[in-house]
């Protein structure tokens, strides 16, 4: 009987490249951001708060990464998932610790596996998404 | 006269049987889950996170068991209970620590007494309920 | 450049066998225990509180597993590690969140890799160690 | 007359250089580390957890940076500061949230001003200090 399973996990080097690519996009659109990368265990792997980024975003970026790794889906998927489900709409954002249901958190996928997640906060969530996606592109083949 | 009351409490052995039955149902429907059993004091009695279960469910399953033991009613009963009561609707999910108002948490009853609770998380709450009910059935006469 | 590394992680099935073996030893010595298994991310994988185990042990067992996974060494190694190092002796137990420096927590090793950890609490730490070691033996080749 | 004072604060770019220099030293001595940089408000500015760094170090590195910025002195200064002062020796490590009294946290100084702090964790604190000092050297004139 197999006693272990192997969990693919993003390296520190790859996490730094994801953050650098996200920072470049945030600079391009002129909105300073906080950017966090978590591993599949939900633990912080790398983080950057750009000069001028909102202070509250420090935690929100980390929570978005945590949320994205926690269910393996982007944070912006939660609103559609819960909006027509009254108990979840009323209870998920308050009842699930650190859950963020607006955009900016994405699983990081390599070869089809979720190897961690990125969380971005600092602008409107649509801008956060744009920056996060630029970060993910750093790992594209 | 009587200075004490006896609190009927689920045994560890029964808790393991509840979890095993729930795991079997979760495997059958193909959705890996986290399953928690709490005692009448709200304290964790037994827990299992199935391979591949969402990380966020680790805490949610425990909070569902805690909620179910906390008022002696299933978590899915909360939405109906509060939805037309404005102060509760606005304030209960946010104001009561660890309260979960969607399905997946149930009191565990033996001979009419609440002897603990089960909390399940990992799929949609309707799936969580199905798995939790399969767990409860392990104690049926 | 490799973007991922693979982390070997204990399966739920193996975690249950570890706990069952630990419970058998605790029953044999007549000291009810709490037994926790964590994965390499420090997240709870499986848990059991035996009937009659001390309530405080619920958290201590989890913290021992967390400590053991946190530095990849048994919790009883900490006392020797810090006792002649005044700043650590004064500062490690208080300054490192959830650190437990007495016996009962061990990394779980499979094929030389730390795949998680076990934490046991309920008796004297020397008894906790005995029970934890019986749990580890469940995975021996 | 003057209603404001200017707080000199490390830039994100400088924080990244500090972390990169610390990582290079950690790689040189073969001990993977967690490295955190905080700003004068005690808030996380940048962070990196090197592959293989101990999980517990994730928080300890951040707490060392927080401690160093909190009083503007290195964390290793605390032990001498409190060891012969009974109330402080008994009470500071336990009574001050996030206080770390062993080495690895330093204020970051630029032109004589404390502009933030670095916190390093992963090896013995003497190794953590060596790595933190290498990080600080990245800003030397």
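Order of writing sets the labels: A, B, C and D. Residues in every chain begin at 1.
The rule is simple: contacts are C-beta pairs under 8 Å (C-beta built on N, C-alpha and C of every residue); 3 or more make two chains touch, one makes a residue touch a chain.
All of these numbers come straight from a predicted model, not from anything done at the bench.
The best fit of Cα atoms from chain B onto chain D calls for a rotation angle of 180°, in steps of 5.
Of all chains, the one whose CA centroid is most distant from that of chain D is B.
Chain centres here are Cα means. That of chain B falls 43 Å from that of chain D. Taking each chain's centre as the mean of its C-alpha atoms, chain C lies 29 Å from chain D.
Distance between chain centres (mean CA atoms), chain A to chain C: 30 Å.
Multi-chain contact residues of chain B (touching two or more other chains) are listed as 51, 55. Here the chains touching each other pair up as A-B, A-C, A-D, B-C, C-D. Of all residues in chain C, those touching chain B in their complex are 11-13, 15-16, 23, 41, 43-51, 55, 58.
Put simply, chain C touches chain D in their complex at residues 5, 40-42, 66-67, 69-72, 86-88, 90-92, 94-99. The touching residues of chain C, when paired with chain A in their complex, are 1-11, 13-14, 39-43, 110-111, 113, 115, 139.
Put simply, chain B touches chain A in their complex at residues 51, 54-57, 59-60, 63, 76, 78-79, 82-83, 89, 93-94, 99-103, 125.
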